[in-house]
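Pasting in a structure now, in structure tokens, and then I'll have a few things to ask.
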Amino acid sequence: MLNFVDTVVDAVAGIKDGSTVMIGGFGNAGQPFELIDALLECGAKELTVVNNNAGQGDQGLALLIKEGRVKKMICSFPRQSDSWHFDAKYKAGEIELELVPQGNLAERIRAAGAGIGGFFTPTGYGTMLAEGKETRIIDGRGQVFETPIHADVALIKALRADGKGNLVYRKTARNFGPIMAAAAKHTIVQVAEIVPTGGLDPENVVTPGIYVNSIVKVAGSGNTAEKAA
Amino acid sequence: MLNFVDTVVDAVAGIKDGSTVMIGGFGNAGQPFELIDALLECGAKELTVVNNNAGQGDQGLALLIKEGRVKKMICSFPRQSDSWHFDAKYKAGEIELELVPQGNLAERIRAAGAGIGGFFTPTGYGTMLAEGKETRIIDGRGQVFETPIHADVALIKALRADGKGNLVYRKTARNFGPIMAAAAKHTIVQVAEIVPTGGLDPENVVTPGIYVNSIVKVAGSGNTAEKAA
Amino acid sequence: MSLTETSIQTSDAPMGRDDLARLVARDIAPGSFVNLGIGQPTLVSNYLTEEQNVTLHTENGMLGMGPAAEDDEIDGDLINAGKIPVTELPGASYFHHADSFAIMRGGHLDICVLGAFQVSATGDLANWHTGAPGAIPAVGGAMDLATGAKDVFVMMTLLTRDGASKIVESCTYPLTGVGCVTRVYTDKAVFLTGPDGVTVRETFGTTLEELQELVPVPLKAAPAAGRRDPGAP
Amino acid sequence: MSLTETSIQTSDAPMGRDDLARLVARDIAPGSFVNLGIGQPTLVSNYLTEEQNVTLHTENGMLGMGPAAEDDEIDGDLINAGKIPVTELPGASYFHHADSFAIMRGGHLDICVLGAFQVSATGDLANWHTGAPGAIPAVGGAMDLATGAKDVFVMMTLLTRDGASKIVESCTYPLTGVGCVTRVYTDKAVFLTGPDGVTVRETFGTTLEELQELVPVPLKAAPAAGRRDPGAP
């Protein structure tokens, strides 16, 4: 069921301790900052978070990690120049890390949404990230068995939603949004604009409303340039 | 390399005997009728054809089958009220059939384009279409191992192309086009219209030009209603 | 629960195809995403109300499918899974075949409604192939729907032309899916199927005892009560 | 082929980073689809000509990426894999992450250019992790690029700060991919790597004999001839 909610706090209120939460975004583009702030406020803990990175600077996911709400990160690129909160927790042994090549991360999320039980991929074969995993040679290439990543909740950002929950995104802020929306049991979206049903061209819808559960309008969140400034 | 060619005959001229050819379309929607006619004319034989159906009436793929050019069909739904050419060849033992559930067909084509070596799916588990295939129980559900379907050539129809080979489609004529374009070594597209580079909104491109090799404009092929009439 | 506890809903007459379609439509929860199979299940769309806000999926790449197209609405690029020209409702969306089947296979459809040759006591479905010698098999999207939707409803007559029950202990026709059917709507009764066997939810112009004589698997009565008028809107 | 058959191209001086980027750019076939890794490989984009009609891919969901954005072009929603604001060229397209990596993993990119810690004689790549105790690993899209692109070019200095060769018999750093690198562009020479070992295509301010003293794997000379002027446009 689709709900339009008034505030980001209302939108995330149902997130329980111990949930697996996917968070969209690559760098700042597509990061649902306001939803992450609300998640911090709502107090859910023992979270497993799926995001490409592990937080940057003193905002968003980095604060969630700093406050000890994140039990485990599933990501491809945790170490950045300004990932100090993750770095500190990791070195203190206070956060678990599942490091996943970015393409495997994307494909595993996609697999969850598409009902795939697992797949073989050449990415990672022969590397330490395939250690302990099933492998086989297919058409002469070594391949690794990878499993879907499901989530209880996805927090994503889109540009625009219509009354049916159909979404369009903006430029490279699209990134993980569409596949996370499909992989999570409950998808919460912050958008810059809500248009009437019929206001999006059916040919151009990127995420059909079937994947969307809660929508909240956040003024000015269409372009992360403003946010990052 | 992307080429714009003048005629459908030129477009298909390089297709060799023994090729695996994917043909887009679901029913008449999205069927590249003119390219199929050209394939008939060019004389390539011993073909393996991947299409959802196995030809209807006395046109397109049905004629290719009638003329004995198709060694094997990979499809989900060969038997239709007007599939008499396929029916005759099949009953005479003159054509091989690999019957694939439609979702497995789509996912196997997608897997080929995405570099996936194989995947597990619940579809078909416990049925005769899984006989002889590897199975395993994943999260309590029986699943079947399915492999990618690669092709030498894809023949598809789109609405519009730009100078970079980016494509958009029209309504349910989109169907298999985007995934076949990605799965074939050489993708040939008939379009109703070619617009200058920059004439398609980057947000709305469905098939990026990286998947397209040859484009031919076929007047009036944008809407199969006209064709089917 | 024994046969004597017949606390099930009943009506006085067998259900016609349209009445049954109306009944299925009424059982679909508001806001659901639904796929209606080719043939009898398509009738259900005639009885969905606007207030139900049900979104129809068609496997060939669309959500928000509208009624069949008429006259100058007909567009060869806009067809349903049965290749019938249809229309587009506001809020529709188009996508390619892998994305369309991901919707089905990923468990995102609330309900699909399918026809059937046979349904077993534990919800196995046979609806794609008679298995007859020389028959050309064709499966389409049946296995994906049967396996992927959260609930699989079957619509069929209870008996074959020869009077045999289509609800069986174990399917003799080739299977479409294992343990996937949750409800069977027939002219004589609505059955709930699952790991625990067959429960009768309501009967139409027959009694549970009479049904039990027709159906070769043990039938339980549902705890629900009330009477269903097949002619009600 | 022995070391005495030095029919390779040479130039008089070692290549600087920009000269090397120009050389890589010149080696990219017209019409190619290319992904340039973070750091030194990004310099290559400065030397691609319009006539080459090369399309740049960025893993975060775009084909047709243009140069770095400046001033009022800067848009936080339009960044590259290094999170630097970039621009959009006519004919660009956007797609989600799984579609973007399908382009890489499905073998559709003609070339990717990456930095490296080490490359082995048979083209194994190590470029993501030092393996040092306590180091926090981060892999990003490196393994997908290394495994998926048709050709993997590496750009690096031949020697570490300590003077050790980065072309090695067998990588001591954790691997990114096995047997994936096809060419290594360094300040001192261009090497071709593959199942048959290492071939030197051209040298810059050094001889094949001098190179062989630096590099602990057998070097073969390429059959090509001619001289490369590092300063030429």
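Residue numbering begins at 1 within each chain, and the chains themselves are lettered A, B, C and D in the order written.
Note that in this section a residue touches a chain if its C-beta (ideal position, glycine included) is under 8 Å from a C-beta of that chain, and two chains touch if they have at least 3 such contacts.
These numbers were taken from a predicted model, which means no experiment stands behind them.
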- Which chains are shared contacts of chain B and chain C? A
- Set A-D beside A-C; more C-beta pairs touch across A-D
- Message: Just the number, please: Cα centre separation of chain A and chain D in whole Å.
- Response: 30
- How many Å are there between the centre of chain C and the centre of chain D, using C-alpha atoms for each centre? 57
- Task: Find the geometric centre of each of chain B and chain D from their Cα atoms only, then give the gap between the two centres in Å, rounded to an integer.
- Result: 36
- Item | Touching two or more other chains - residues of chain C | 62, 88, 94-95, 98, 101-102, 104-105, 148
- Query: Considering chain A alone, which of its residues make contact with at least two other chains?
  - Reply: 107, 114-116, 121-122, 169-171, 202-203
- Message: Chains as vertices, touching pairs as edges: which of line, ring, star, complete or other describes this one?
- Response: other
- Item | Contact pairs between chains, per stated definition | A-B, A-C, A-D, B-C, B-D
- Per the touch rule, the chain B residues reaching chain A in their complex are 107, 111, 114-122, 136, 138-139, 141, 143, 147, 168-171, 201-204
- Item | Partner chain A, residues of chain D touching it in the complex | 58-62, 74-79, 83, 85, 88, 94-98, 100-102, 104-105, 124, 129, 134, 136-144, 147-148, 174-178
- Query: Mind pulling up the chain C residues that touch chain A in the complex?
  - Reply: 31, 33, 55, 57, 62-64, 88, 90-95, 98, 101-109, 148
- Message: If we count contacts the way the header does, which residues on chain B are in touch with chain D in the complex?
- Response: 1-2, 112-116, 162-164, 166, 182, 197-198, 200, 202-203, 205, 208-211
- Item | Residues of chain A touching chain D in the complex | 26-30, 76-80, 86-87, 90-91, 97, 99-104, 106-107, 109-110, 121-129, 142, 169-179, 206, 222-229
